[in-house]
Every structure is written in structure tokens, then in C-alpha cells.
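A single structure is presented below for examination.
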Amino acid sequence: MHHTEDSRGAVADGATLAGHERFAKNIENFIGTVKVPVGLAGPLRVNGLSAQGDYYVPLATTEAALVASYHRGACVITLAGGCTTLLLSEGVSRAPAFAFKSLVDAGNFVVWCLANMDAFRSVAEATTRHGKLKDLRVNVEGNHVYLIFDYSTGDAAGQNMVTIATQAVCEHIAAECPVKSEYAFVEGNLSGDKKASAQSFQNVRGKKVAAEVRLPRRLVERHLHTTPERMVDYWRMSALGGVMSGTIGVQGHYANGLAALFIACGQDAACVSEAAVGMTRFEVGTEGELYAAVTLPNLIVGTVGGGTGLPSQRACLEVLGLAGEGKARALAEVCAALALAGEISIIAALSAGQFAGAHERLARGKKPAVAHEVAVGPGEGGRA
Amino acid sequence: MHHTEDSRGAVADGATLAGHERFAKNIENFIGTVKVPVGLAGPLRVNGLSAQGDYYVPLATTEAALVASYHRGACVITLAGGCTTLLLSEGVSRAPAFAFKSLVDAGNFVVWCLANMDAFRSVAEATTRHGKLKDLRVNVEGNHVYLIFDYSTGDAAGQNMVTIATQAVCEHIAAECPVKSEYAFVEGNLSGDKKASAQSFQNVRGKKVAAEVRLPRRLVERHLHTTPERMVDYWRMSALGGVMSGTIGVQGHYANGLAALFIACGQDAACVSEAAVGMTRFEVGTEGELYAAVTLPNLIVGTVGGGTGLPSQRACLEVLGLAGEGKARALAEVCAALALAGEISIIAALSAGQFAGAHERLARGKKPAVAHEVAVGPGEGGRA
Amino acid sequence: MHHTEDSRGAVADGATLAGHERFAKNIENFIGTVKVPVGLAGPLRVNGLSAQGDYYVPLATTEAALVASYHRGACVITLAGGCTTLLLSEGVSRAPAFAFKSLVDAGNFVVWCLANMDAFRSVAEATTRHGKLKDLRVNVEGNHVYLIFDYSTGDAAGQNMVTIATQAVCEHIAAECPVKSEYAFVEGNLSGDKKASAQSFQNVRGKKVAAEVRLPRRLVERHLHTTPERMVDYWRMSALGGVMSGTIGVQGHYANGLAALFIACGQDAACVSEAAVGMTRFEVGTEGELYAAVTLPNLIVGTVGGGTGLPSQRACLEVLGLAGEGKARALAEVCAALALAGEISIIAALSAGQFAGAHERLARGKKPAVAHEVAVGPGEGGRA
Amino acid sequence: MHHTEDSRGAVADGATLAGHERFAKNIENFIGTVKVPVGLAGPLRVNGLSAQGDYYVPLATTEAALVASYHRGACVITLAGGCTTLLLSEGVSRAPAFAFKSLVDAGNFVVWCLANMDAFRSVAEATTRHGKLKDLRVNVEGNHVYLIFDYSTGDAAGQNMVTIATQAVCEHIAAECPVKSEYAFVEGNLSGDKKASAQSFQNVRGKKVAAEVRLPRRLVERHLHTTPERMVDYWRMSALGGVMSGTIGVQGHYANGLAALFIACGQDAACVSEAAVGMTRFEVGTEGELYAAVTLPNLIVGTVGGGTGLPSQRACLEVLGLAGEGKARALAEVCAALALAGEISIIAALSAGQFAGAHERLARGKKPAVAHEVAVGPGEGGRA
């Protein structure tokens, strides 16, 4: 290892070492902590089913202009009276996979499983206080069978909970089912864990939440320096650009805000890969206002368990007013509202950053008027 | 805001406040720092073009068992003599979009642009010391044109660099091109920025790196408690499971390790959404060994700029021996090696976690022997 | 119009004109018929739930070597005792879309719809003798709601049937639902109609069928001039190649056989775009045999209605023994068996077409030994 | 075989049998022909680079209302003065795949290949009169290398031409390259052959063509019974619906028209699976008109070779005025124009088919006014 004594102290500082036992359940081979700066975006007014009020959203990032961009979007939403959010569904799945000698065995196995759902529920729910087995779906591929178990997980993100419950069901199957598999695995990679997947829009993974707002035209013009029409032009062009690049869903930069909020609030940052998928839609409304909506089907978030109990992470949840039991749905709604704020801000920046008039400016040797907008544009960041 | 004085201190602690000016260029509306625990995985031996040696990889996460899982994979790789890595290509693109009155105008615009590549290069490279404009590709959709500018960016991740350079080119086009656009934007969402995209495998975004290792059979059996054949069975089943779930690429859980390394080392954590895409392949070799390879086309990493200069983040880069100029390629190769370690470890865990014999164990009231394996299995985490 | 009298006769021949009224329900602005040559592949032995026996499959194509390739695959399957097929599920969906003033209206609309499923079923089933409304799923995107109605359609492909039934349900909703939409459409393009879609593997569209066979090693060696191992090498490499090209599913050339069978048997040839999606898997079995399986989730086929009643198309269905009522499931199983035959044949051709020894042959001025294999290789065809 | 003498005659009729030798190069195991009814859509006015004039497009289909729907779209385009088309690029690729002992070998192989492009060109072009090797791209995945050879193919679709040329290059590589592969195949399934693939929008496969038209508002209202605004509402909703279903590109029903034209004109009908991918965009123009555009990147069409020389297929090409040498580009432009006509017609039908007023009609026992529209709506067809 190559680091100097001095830099070591930046990670293994005194306060961290003194409280090292607080991290014991969250990390192995512990050497200290990395300090990620946190900024606040907001107030972000949310009129949701579970989230209601003005939120100051803690965002942990090292990318310059990211907080400023989300802050701008949040303030504009709040000026418009806030956004509406709606948790549409929730659940976490695990998909064990079974290989059989033949397609006929695979078919018989499926028949047996569908007839034993009650027993599976008992076995699964005996392993957990909060998890409930809600549904069983089946996917057959040749002589392979994937069972997709859908669970509700209370206020925890629940990824480990559903693994343990499904492991128990699999052992029950191994013990009881007359159709024996050649081999089997507790997860066949069909559940979308830690990766973007097109099935998101058919299922839910974590929590599915929509958020919408109507921004009056004068607000868009005064605060975002563009027009609803131009923002819709950008939305259309970027939506099609995304499709042609082969992305899943239609959106700009959910990942920026979600990663920052996940790190600040003790969520699983790797879940950004699956959470940052969804649908953004902008339209010009009948009164010339901007209608903006986001729908995120994969918000894997929790307010208990995981990193949510660590001191600074819990403090960030407290800044939001969403620490502890009974807050997970509200946190998911805030995530969607934050994503909406980010989409509005970046699309406004890109819409305002026109090259029209560039000739004039260049001729007069002026700096482009759009410099600030670019600063909160794509890349969001201060890298050289 | 709802937090107590006490929890506030967890974010806005004395040391952070004393050094707050160090964060000024990386964050706005600063309130303090979140402390993310860091563990070391390794040694991870890498025989690469740029990365050569034994690396101790700092991983910042709050998910229990994540470091342990990568550590196990790293150690097995090292026992086998290390993995080979190869940086295959590098570049960052930005894709401004232009709308025209007609398809004919769009066609004429493309012709003009292709004839002006030299001028574009001069304009772009005047804005940056390290960036080079390497290529121009074109995508026409009806009367819309997307120009895709490909840059090399030296040791910086370069996302802001390419935005500024492309902004300059766009202003040049606005001033000089006789075919005038109706409107235009500096990024048309075709560059894959902050999202998984299928075009990854046609292009590069950041750095494209492959890593491979051959694990002798006895190593697999002794240290991973499974066999090469069973790991390949799992690979095949999970590869097809992923395809059926509609993912991009074939892989397990790159996101876990990359997110943890990105947070520790001051990378842009939001880039996990695009970086955690790639191809994993496992085969049984001619001598019964396990051949394992990963190929990641989208590693957006840098060793200067962004968060790499913050104290604890720089310390983590120093732990790797990869801080500062001239280290970005090696960092990318370490990322691929880490992803390989993670795939080996999780696939081994899932392969070893069989339900065979479950009947016996259940009958005797024994705890399943596979509990440890599950602990480093999917979900990787300690959530309740 | 530029054609000569002579060429006109090739389309508007005497027999066609004499029986022109037979085509009246299938075409408008009728000018004659195009004659597509039909060849037989088989016997293809199928041991299915509905399809049982040796089938001679009529394939209408103008691509040289296509019939020969499928014929070869069919014969090898038959030599091995036939393939097993299993119809896994069936149904056709239609997805009307509704736009509302707000997300709240959208939510209330969904609640009302879910409570009115029984009424929807009555209304839908009053429009059709054979169609049954089986399920209602919901997809919310901002203030837009897509209702996905799943139907069974008997022996008809059923695409028009489900449109008429869904139109009736939509009119019922418009009349009865207290939550009024701003506008609505009978299909919101969420049902996968006439296009490949990733949701295939979560749902069914038409009929989902799997087919599998085990080919003894000596059969592979003698008749396909390759080995199970090399065919699996090809399968692996082409599966990953397909994923990297951004395809949906894992397969080679289903489209060749399905298009030819659809044209011959009066199916909707445009449905090839959605039907030619699925999963192919090859493995080496424990006794050194080749295990090969295909799973096709989107087989939109019928044996009554559409083009199935036209003289030559009905004759082709009769060649199969699958004309008229009660045969649709068997036809779907034959489709899967045919796709399996094609995958085996083309993968064998590509596996046998090695370049090893090319040096020797080239040195001696010999023609490559693989010429025949290439003839039934990719492209399948005789274009210059 | 189960067919009666009578039905046999529908396939093996006297005229077919008398001219059976004309089919010898296009089919094996010949038993006769299937007669697919052909209708004309048009005139379709095209103002293209290669296609110029009023076309009557022969469509072979058994789906009722399909010709009527395209005919309506074609006539509306013509009334508006015709559509503009532009062939954007052309080429066909073949992607041989090579497996090596190690990543290092793979890297060395790539270096050797890139240095031998001139030799590859000589070898490839010695096999064909019309094909030209234009480019070589490389894709490395672990120790596997896919070489992507891009060709131009003149007026032939060229799929077999590029296979033969690439086979020759592969034999050259096997003979000359010092880095020996473990095994290799002439096609690694990376070229998008016979399947929809996301890479379409990065590359071209066959011919990439865009078509656009501006329909004055009064035309839309009078002939399509809807408004540009409502058609754009539908476009937006169906574009997002398609994305959520996991399709590639944004479009409605290209497959209907392309399959019908391909069958009529002796094209490879299996190519519908790849050709029916693209981008449709509708906007309201500044004068209240409808702007409609389609862009299809994968039009695999030819006017010589394949089925284009068969009597009735050639007659259909003659109806178009596009038989023989020098016509392939115009045929591709007509394909795009036809797809545009179809999108306009179906989106108009769905936009006009509102449920508003349904209450009144139902109350009075009236038939829905939208019945005609539904007839040319989704499903397009006459199945029961």
C-alpha cells in the first residue's frame, strides 16, 4: 500500500476510529471512512400520498453544480405550489432458477409449484417479521424454470430479507417436490437486481412512484429563462435520442440526484443502476404552462436497515424528516420529486443554452450568455 | 428541517467545518459530510497494460458482506497468479442535436459538417489542454441531425471538458454554417450519459477494458467450495435470465463493486448507471479449469479533477497507488479486475448454495450449511 | 404503371381472375396474385401436447437453400426420435391508453377500472363467440394510464377480435366511468403488436411454446459433420454476439422458417417481426449428446380466419394436417419444432464451416470443403 | 401427408407445374406455389433522390384492410404534393467471430487484422463483381474477437455475397495470421441478420432511408377526420407505450406494409424482422400542419437476385417501375415512403376513433361512428 501517513489520516481519522464499532455491521476489512460533501436542495414541496410538505434534500456528491441544478429545479417546483406524487405499487422479487432433465419435468414442476403457493407463503413468512410473499410468477425456458417470488418488505429495502425467505422456500421445494431438479440456484438473474432492465415497466422493483407538476409559463420564463415550447422541443429530441442510443425508458439524468441522495441517506448506492430508469414526459398544457412528469418503477429504498442507522446517514434522513419506521414510502415519493426537479432543471439549462445569436456574440468578442446554463448542463460537473 | 443538534454534528462535525473550503469547488449549499465506511478488498493481482501489481482496493459501502465478497474473489484471482487486463479503447462523446425545416436541409447540414471536421477540431481543442477531438459520427432522424463528437480526455473523466469543447463547436457552426437550424441543443441524449445503453457495445464511453483469469480446478474447489462446471451452469442460466429480464449486456453485479470504488475514490457515483454494463463469460477450460472474463465498455473514470482531489478520496486513490496524472488507464483496468473478482465470488456463492441435501438437514433441524454463502449472495447486504 | 402485358399476366393470370371473388375478404384494390414457391421440410417428428406425429412442413420462400436447411434439421430431429414440444401459455392483449388532467385522476381511474373487471368481461365477451377476457393489468405513466386486457382467442389468431372487444370496453368506460379522460385511444402501442419487444418474456403474445431435443453424438457427427461441443461453442459465441448487437432474446434465424411457414399457411406475415423472438439454448448432455431447446413467447398463429381459408393456403395447412377448428395449438407447437430444426441446421453449418486447414487447401488450389455448409449458412440465400 | 387431390391442385396447379424449372434456383423439395393476393396502394408520390414520381405499390397480404389503410395514407401524401425521401447510407455487414487462448492473443490478432485491411479487401473483392469491402470494425469480448466487415452490394440485397466474401477473408486469415484462433465462425451473430437489434441506429444494415411530409391541416381534417394535434397526442402516447413495452425504436406498424411489399416484390420476407425497426415522429408545424417523418435504418432490399426474377414477383417490381439493375436505392426510398403512409393512416384511424360521445350513441342504440376507423386500426385484419 502506497499511501502516506498524512493521507491515511484523511480516511482513518480520530473520530472515525473512536466510533469504529458503529460500522461493524456494515463493512468488512474496515480502514476508515470517506467523507462525501453534502449540500441541500430545496425546499422541495411535495403533495404526495405519504410525502407531504417542504423537503430539504441532502445530496452527497463531489460533482460541482449538481446540487445547484437540483436546487433550482426544486425551488421552481415549490414556487408552482409543489409537485404531486403517487406511489403506484411496491414489492421486491427474487427469482430462483431450476434445471430439469426435460421439458416435461419442467412442466410438471411448474404444476406442482402453482399448487403449493400456500405452503410457500408459510415457509417464506416464517423467516421474516416484515416480509410478505404476495405473488408467484413462472418463466419456463426449455427445461429451465425460473420462479419469480414477489414480496412486500415494509420499511426496509428488503433485498436480503427476500433472499433468506426464498432460500427457505427453495429448501422446502427440494425436500417436498416429487419432481427433482438437476441443479438449482436461489437467484437466476431474472429479478433485475443491480441492473437496468426492460421488465421494469411490467413489474415493480422496490417502489414505483410517479410525480408531476404544472409550471406556469411566466415561472418558466422568469426562473428558467426559456419557454415551455422549447423545453418540449428538447424533451422530444432527447427522448428520441435516448431511444436511438438503446436506453431503457425515456429520461435524462435521474442517476445524478438519486446517487447523491442514496449516498447521503444510507441507501444502497449500487441500486442506482436499476433505480435510475423511468419515463420523463414534458408537454405544453392548455394554458401554455409546462406539464412535467416522471415515473420511476424501481426505487429500492428503505428507512430502516442497511446504512440508514449510521450516524451521518441517519442525520441526513433526519434532515428530510424521514428516519426510521413508517417512512419508506415517503422517501420513495421524495426520490421521484427530486428526479422531477432534476429533469426540469437540466432540460431548462439545455433549452436555454441556444446557439442562436452566437454569431453576434462571437463577432463582438462577448462571452456567451449561456455560460451559467452550461455549468448546470450535461456532465453536471467540475472535472477538468 | 427536523434534525436534532446531535445528529447535525454527525454531518457538520468539527473537522469538516474546519476544512470546509476544501469542498467549495465540489458542492453547493454545503452542510457537512456523510461518512461512508471503507473496507479493503485484496490483494488483487493485475497483470495489465497499465495496471501491474497487487492492489488493495478501497470500497466505500454500507452494505454488509460486499467487501467480504469482493475480497474473496480478489484473493482467489491472486492465488491463481492474477488476472490479465487490457484497455481496448477510450473516448468520451457528446452529441449535440439540430432541428431543421426539412430533411433536405438536414442532409445539406450533414454534408457541410463532414467537410468542416478540421475546423471543428481547431475550435474544440482551443478550449482544453488535454482533450482531443478524434471523430465525428452522424445520426439523422427525419429533419433532426445528431452529431456525435468523440474525444480523448487524458487522465480526467472528461465529461465537462467535452461539453465545453462541443459548446464551442456548436457556436462555430451557428456562426458559419449556411444551413440554419430551427433550434439546437448541446446534447441530444444520444451519448449514453448517466444511463445504461445498448450502443455501449458499438462504441466506447470512457474506457473499454477486458479482464480475464484462469482458475485451476483445485482452487475453485478448495476456496470457492464448488466446481468450474457448476459455476458455468450458473453463468449460463443467469445469462439467459438476464436476457429474459431485458437487461443490456450479460453480467451479475458489477454495480456493487463499481459503486463502492467510485465513492471511495472520488469518481462520479452517478456513472455507475452506465459503467455497470458489460459482458461476463465463464467457461470450463481444456484442463478442467475455470475461464472467467469480463468486458466493460463504459468505464468513466479519472484520477485528476472531480472528487479525486478531496482529502479522503485522494487518500483512497493513494491506497491504490493511482492518485494524480498518468493513472487513469490503470484505474480503469483495476475497475475491470474488481468486477471480475466480484463476478467470481457471487457466482461461486450461488453455485455452492445448493438445496440438495436440504431434506436431510431440515429433518435433523440443522441450520443450512450454505448460510455463509447466502450471506455473500444476491442482495449482498445486511438490511433487515 | 409500367408493366408490360406479359408480366401483367404473371400476376393477373386466368385462374386467379376466374376465382377473384375468393380473395374479396382478404384484399382491396386487387390486381392478381403473387406466386411464392413452396417446398417441404420433413418429416419433422413432434411429440407435443397438441402436435403429435410426423409433419411435412410447407415453406414458401424465394431464398435458395432455406428449405434445404430446415429439411436437414427436421430429418435429424426425426432420426433422434423427434422433439418434445409444450405450449406454455396463450393469450392476446390489447392496451387502450387514456390521458387525464392529473395523476390524481389517473389514480382514481385505475381504482374504478379494477373494481369493474366483471362488467368489462361481460361487455367484451358480448362482442365475440370465441374470445374470453382473462386478465386486466395496469400501467401508469404520469397522468397517462394504459390498461392491458389479456384475452384468449380460440383457434383464431385473434388480433381483430380483441380490438373489437376492447373497443366495446372502452365505450363502456367512456359511458360509465365518473373519471373522464382528456382523450383516449384503443391501443397505446404497449401490446407488442407487429414489433419485437422485451416484454415478451414477461407476458405471452399469441402462444408461448418450448421445444427440445437430445441429439446423440453419433447423429451429430454423421449427419451434421460437427460435434456437440463445437455447436455449443458456436451457440455461446453467437448468443453473446446477439446480446452485444442489442437484440431481444437469444436466437439465430427463427425469422427464416417462420416467415416461410406463415406465408405458406395464410398466417399474418407481418407478425414475423414479433414471432421471431425467443431463446435458443444448446448444451452438451451428460452422455455427450447435444441438448437443444427453443422457447418462443410470441407465436401469433391461427387455423381459422385471416388467410387460412384461401385455396392454396388452406391446402398447405392440409399438408400439415392442421386446417380448421381445433388445430391452432398444434400449429404453434409445429412452429416451435420448426424453429428448433432451423437453429440446429444453421448452427451445425456454421460449426462445420471451419477455416482450419484452409492453408493446405489454398496451397493446393482446392475448393474449400465447406462450400456446401456455407450454402445453408447465414443469408440462406441465393442473392448475387 | 393429409391433403386431398383437390387442395393439392391449389398448390400444384397446371401453370405452376408447367413452369416449375423457373423456381429451381429459389426453392428445394418444390411442391407448387402459394398464391398471395396482391392489391395496389397509391398513387404514392415520392420526391426522393432515387425515387421520383407517382408509385402504385403492390402489396401481397391476406389481411383485410391492410391495403386500404396504406392506400389511404398514400393518397393523402400525394394530395399534399408527395413526401421527400433521402437515402442516408447503405451497406451490409458480416461479422466472423474468433476464439483465442487468451486476451493477449486476442489483442495481437486485432493488431494484425487492422494492419491487413488492404489484403482483406483484395481477397473479398475477388469473390464478387458488385460487392466492395468498405470498412472493418472490431469488437473484443474477453478472449473472443468479432470482426465486423462492412460491404456495399450494388443492386442486390447482398446477404449471400457478403458471406462468400467474408468466408474468403476468413480463410486468408487462417492461412496467413501468425496468431492462431482456437476456433472461428464466419458469422458471430453480431451483424443483426434476421432480427431486430438496437445497434441499427449506430450502423446501417442494407439501406438507411428517411421520409417526411407536411400535411396541411385541412387535408388532415377532411381526409383523415382528425386533427394534427390529436395525431401528435397519439404519437406521443404510443411512442412512450412502445418504449415501456421494450421495443427497439419508435414506430407503429412498419411490418404490415413492408411484409406485404417484400412478398409481392420477391424480397426476403424474413428480413421484415430487422427492416421493421425505425423512428416515427409526428409534430404540429408552425402553420398548424402535421409534420410526419419516418427513418428506417435496416432496409435489406434488392432489385436483382433472390426472388426478384420470378415471374409474378418481377411483374410486381415492374408495376413499381423498379425491376432490374440500378433500381435498388429507389426501391428503398419507396419502402420508407410506404412506411410513412402506413404510420399516417393508422395513427389517423386511432386518433379519429375516440370514445367521446359513446354514452350518447350507446343510449340511442346507434352503431359507433368509429367502426370504419377501427377496421383499419390495429390488427389491420379480418381474423375472426
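Going by the order they are written in, the chains are A, B, C and D; count residues from 1 in each one.
By definition in this document, a contact is a pair of C-beta atoms (placed from the backbone, for glycine too) under 8 Å apart; a residue touches a chain by one contact, two chains touch by 3 or more.
It should be emphasised that the depicted structure is a prediction, and the values quoted were computed from it without experimental measurement.
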* **Pair exhibiting more inter-chain C-beta contacts, B-C or B-D** => B-D
* To do: Pick out the pair in A-D, C-D or B-D whose interface repeats that of A-C, meaning over half of the contact pairs match by residue number.
  => B-D
* Asked: With chain centres defined as C-alpha means, what is the inter-centre distance between chain A and chain B in Å?
  -> 17
* Calculate how many whole Å lie between the centre of chain B and the centre of chain D, each centre taken as the average of the chain's C-alpha atoms. => 36
* Residue numbers of chain D (touch at least two other chains) -> 139, 141, 144, 198-199, 201, 239-240, 244-246, 248, 279, 281
* Asked: Which bits of chain A are touching chain C when the two form their complex?
  -> 84-86, 88, 102-104, 106-107, 139-144, 198-199, 201-203, 210-212, 246, 279, 281, 291, 293-295
* To do: Show which residues of chain A lie in contact with chain D when the two form their complex.
  => 198-199, 201, 236, 239-240, 243-246, 248-250, 279, 281, 283
